[in-house]
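One chain, chain A, appears in both complexes that follow, with chain B as partner in the first and chain C in the second.
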Partner chain A sequence: MQGSTRRMGIMTDVHRRFLQLLMTHGVLEEWDVQRLQKHCYKVHDRNATVEKLEDFINNINSVLESLYIEIKKGVTEDDGRPIYALVNLATTSISKMASDFAENELDLFRKALELIIDSETGFASSTNILNLVDQLKGKKMRKKEAEHVLQKFVQNKWLIEKEGEFTLHGRAILEMEQYIRETYPDAVKVCTICHSLLIQGQSCETCGIRMHLPCVAKYFQSNSEPRCPHCNDYWPHEIPEVFDPEKEREAGISKSNKRSLRSRQH
Partner chain B sequence: MKVEAAAVADACSDDLSCGEADIDPSLLELVDEEKCRSIRKQYRQLIYNVQQNRDDIVNTASESLTEALEEANVLFDAVSRTREAALDAQFLVLASDLGKEKAKQLNSDMSLFNQVAFCDFLLIFVGLNWMEDDGRDALSDCDDNIVRSFWETVQKEATSWMLQAETFHFIFGSFKSEPSARKPRLEHRKRVYRMEENGDMPTKLRKLDLCSNQEATEKEVERILGLLQTYFQKYPDTPVSYFEFVIDPNSFSRTVENIFYVSFIVRDGFARIRLDQDRLPILEPININHVGEGNDSSSHCRKQGVISLSLQDWKNIVATFEISEAMITNSY
Partner chain C sequence: MSEQSKDVCDPNFAAEACNSEVHSSPGVPGGPSLPASQAAIFPGPESPPVGPPDAPLASPAPQAPSEEGDPKALQQAAEEGRAHQAPSAAQPGPAPPAPAQLVQKAHELMWYVLVKDQKRMIIWFPDMVKDVIGSYKKWCRSILRRTSLILARVFGLHLRLTSLHTMEFSLVKALEPEELDRVALSNRMPMTGLLLMILSLIYVKGRGARESAVWNVLRILGLRPWKKHSTFGDVRKLITEEFVQQNYLKYQRVPHVEPPEYEFFWGSRASREITKMQIMEFLARVFKKDPQAWPSRYREALEEARALREANPTAHCPRNSVSED
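Let's turn to the complex of A and B:
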């Protein structure tokens, strides 16, 4: 084990409770994370000042480093909401024994992942995924079962389903980015702005560069004539709005009612 | 009878002293045949009753076994011959068997778990006690929603009694082996396998099923099979391009119907779909004589495939393949 670059922090019950809560949910939005952090302080250490979220999480990460687990911060590809996910970083003999999903279910996820990466829009249709069910490793799976498994993935926040098509959830992107870059180096798409993995986004029709929707929003913010940063052609797609947590809280829009303002465009 | 008895008595007095041998003189009297027959009848009745009510006696905490034993006791007082005694012995064996079963059921453990009672309580807790009236068969008939709601209610209550921390869920790192070599990306977006009609077809095709009734479908399939076979006879050994065959450049709905009918032909084994060297699907004849090709007959019932064709896809295909007229002519 290499020497830790971070000085190992101290975990109190506040941190432990927070970590267990995050472990239960898998992935949470930032406002939820802040609320939970305050809740953990209230339960265990009423009088202490609430540590800044970033330092709080870095503290926990320094302790988890030796286990190859990390709390990663990311941004949802369609909305630009900041999310935090607890991800696994290494393939070890122990991680291979994970029993959340059976061998054929994992293979289905892998094949769906491949289809999503290969697709133009970042979405793979359920028919195409189901057509590959015959080639799965492990126990033979019927197509009806495969539909249930895909729903299980959606429930556990590994995939997102939209109008019969599937794409990767922010959680999966945070966890699998390294794997995707290593396994599909030729097919992987990258955002020109932030240089991280791109599944959904907008692309320039002339030069083909791609950008995440939130990256587009930030880059072309209050720009009346958006132009491609690479070829300077007029940017043909609708520019989404930058995600503003304050505005959303004021409007009191509940998550379930909020319709996506962005269209899935390419 | 009397003479015999007297002779026995004499014999007794000769060989053994009467005082030692405990033979009750009343036993040696003439026995009433009628009485014996009625005793035997009563014994048999008793044995029959006990056997019929076996379950009752063993499972309920009733006095019926004791009562039966007492009845047998009373009967035995009147028994004087071996024949009845044998019946009494038979009854005794039966009664002691039942007694043993009852004793086994005695609660000698400190905590006894009665599964049946627990199940009843569970159903009452979940609010499904209406099921008890219908009998146990109702349990197997109830649909998924009831089952799911049952387990959710139980879970809500049970989790509050169990202190359990959630485990760490992840996907990365759980793949057991290295990913297989990547297949070259297809230029043509559609992958076609042998198709088989089944309930998992996408809604598009299912709706079509409702439009045409069974007979019309079969007639159409036969007609198209005839067209296909005519083509194969005219041009032997040349498989026809699948899309050229099914696409009707003038009507999208006819195209979809054609795909539907051709899938029946493939399912019934009159033709097969393959990909040629350009990775485009082609239709090939299967001669009925060639059933001996082992692989095909076994594998063609296991493969399933789904085709999705949008209006745009259809237009693209018509343009790409330059299809000017439909190969499958209309029957009307």
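Let's turn to the complex of A and C:
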């Protein structure tokens, strides 16, 4: 590593393995990222103290800066889980996905994206998306095929499906926020609290401002009379719980016991 | 694991690129100190290629004569891919682009390669030229070299030309060969488990596994060819198409058998990424037996492990991934 130690001074095999694995998994929840970090330390530098995750990631990001990539942290819109992904800052279009999907598949995604952004709830129904199949660029796609492609998007964590409706996965928001804001500047919705892109959330029925569910949870935490921060009218929606990683871990342990049984059979 | 002996395993392409660059190519900018430090860091083509998964496959002796041909062949392939009539690489042409633009292209290529690998898709040289390098194809060697460097230093990955014949690259871990990162980040495990099951079956048999044998084993796990599974989906498609596309398995017709039957073999990627010892450990875990319950296979696994260790004497020291080459 003699050549450019000044730039890459802190890049050790711990960091490299971390990056490799983060890239392999695409997007990870914070709990998995912490485990991943510990694993990398265990493999390459058993005796070192595991650095605080935030600092660890900031250190890596300082190296990645010159490459226009970044480990970005986001929060899932429905339940406020922190997620991490390695994203490319340089491309502002969805050409990121371009290597995975054919032209007509990419166009299907674009159509779904538009419907999601225009919708009131942040969800686009399967029917409405499939009805646009005739307008796709590239090779003609049948509805049956389009259903399969939509499932591919879900598996690759670009979309989430709930009861026949589709919305953006946290990963897609993380990677494409810039693109979305630039491409749909008028249709895009923004959270009043954190000012980030908003796909799913709650809105004030009087003045129309919107907030992410986790932002609502934090803002109105232990507030018995929630009121709209903008017009002060009574906030009519149920206030969700703030995401608690500890509670998650306990729930996760009982889940992973079942999981490890399954993988043993494999 | 005899299937992939046909694969050409070149020394790190960047090494070749470096050598030919130092000799010829006008119009190659590069950073100020880069070519010099390259020559210092990369050994010449005489030394045998060193890389953990590739060591058993490398054949140092015949490499030297073909190396001169490789960069040119790839250059030609790039130009053919663009359907241009331009002759050789050394032709003086338009002024070279600013170093910053080449650096940017190298970054784009780095990301492109990472995403392809993430999706377990083939990294095909003509695609690289078409999708990323584009009009900078004359400088593709320089771009490739820079990309390889970045990938090695930042990610600990080698961008290796794994098959000159098909012009395929792959990203190989330059870090110490580790047990499959069994961090059990759950959504990967089932796939890997399924694949390992099939690979183990093939390995234990010592030859191809007929499709019927594979389904007998999978049936124990509750997997059937006609049933959709909650985790795997269409299992048959997964193992006969997706794993094959990713080069983890080969799915071939058994010759001279009617009605037609098919059998599975290890794919080239499985041979590169998975060691026999890992298979033995997997078998031991699944069947709750000692790996020596499969004595001849265990012996083979030991042999392979020894060969790998000999090819990598520094395996247990913190490695300078760049000097590896």
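In the analysis below, the second predicted complex is superposed on the first by the 233 of 266 C-alpha atoms of A that agree within 3 Å, B and C clash if a C-alpha of one lies under 4 Å from a C-alpha of the other, contacts with A are read in each partner's own complex, and residues count from 1 in each chain.
Criterion: contacts are C-beta pairs under 8 Å (C-beta built on N, C-alpha and C of every residue); 3 or more make two chains touch, one makes a residue touch a chain.
Since the model is a prediction, treat every value here as computed from it, not as a measurement.
K.L.:
Once the shared chain is lined up, is A:103 touching chain B (first), chain C (second), both, or neither of them?
P.N.:
After superposing on A, A:103 lies in contact with chain B but is clear of chain C.
K.L.:
Counting only touches as set out at the top, which of chain B and chain C does A:28 meet: first, second, both, neither?
P.N.:
second
K.L.:
After the superposition on A, what does A:175 contact: first (chain B), second (chain C), both or neither?
P.N.:
first
K.L.:
Quick check on the superposed pair: does A:183 touch chain B, chain C, both, or neither? Answer first, second, both or neither.
P.N.:
First partner only, chain B.
K.L.:
Applying the touch criterion given at the start, work out whether A:44 contacts chain B, chain C, both or neither, answering first, second, both or neither.
P.N.:
second
K.L.:
So, A:90: does it touch chain B (first), chain C (second), both, or neither?
P.N.:
In the superposition, A:90 contacts both chain B and chain C.
K.L.:
Between chain B (first) and chain C (second), which does A:36 come into contact with in this model arrangement: first, second, both, or neither?
P.N.:
In the superposition, A:36 contacts chain C only.
K.L.:
Which partner does A:17 contact after superposing on A: first (chain B), second (chain C), both, neither?
P.N.:
second
K.L.:
Return first, second, both or neither, reflecting whether A:69 touches chain B, chain C, both chains, or no partner chain.
P.N.:
both
K.L.:
Starting from the residues of chain A touching chain B, keep only those that also touch chain C in the other complex, and list them.
P.N.:
Touching chain B and chain C on chain A: residues 20, 23-24, 26, 69, 86, 88, 90-91, 96, 98, 100, 156.
K.L.:
Once bound in the complex, which stretches of chain B touch chain A?
P.N.:
165-176, 179, 182, 185, 191, 193, 200, 202, 303-306, 308
K.L.:
State the interface residues of chain C toward chain A in the complex, per the touch definition above.
P.N.:
Listed in rising order, the residues of chain C that touch chain A are 33, 37, 41, 104, 107-108, 110-112, 114-119, 121, 131, 150, 153-157, 173, 175-176, 178, 181, 183-190, 193-194, 196-197, 221, 285-286, 318-322.
K.L.:
Hey, which residues of chain A end up touching chain B in the complex?
P.N.:
Residues 20, 23-24, 26, 69, 86-92, 95-96, 98, 100-101, 103, 106, 109-110, 114, 118, 125, 127-128, 130-131, 134, 143-144, 156, 158, 172, 175-176, 178-179, 183-184, 187 of chain A touch chain B in their complex.
K.L.:
Can you tell me which positions in chain A touch chain C when the two form their complex?
P.N.:
Interface residues on chain A, with respect to chain C: 1-4, 8, 11-13, 16-17, 19-21, 23-26, 28, 32, 35-36, 39, 43-44, 63-64, 67-69, 86, 88, 90-91, 96, 98-100, 156, 256, 259-260, 262-266.
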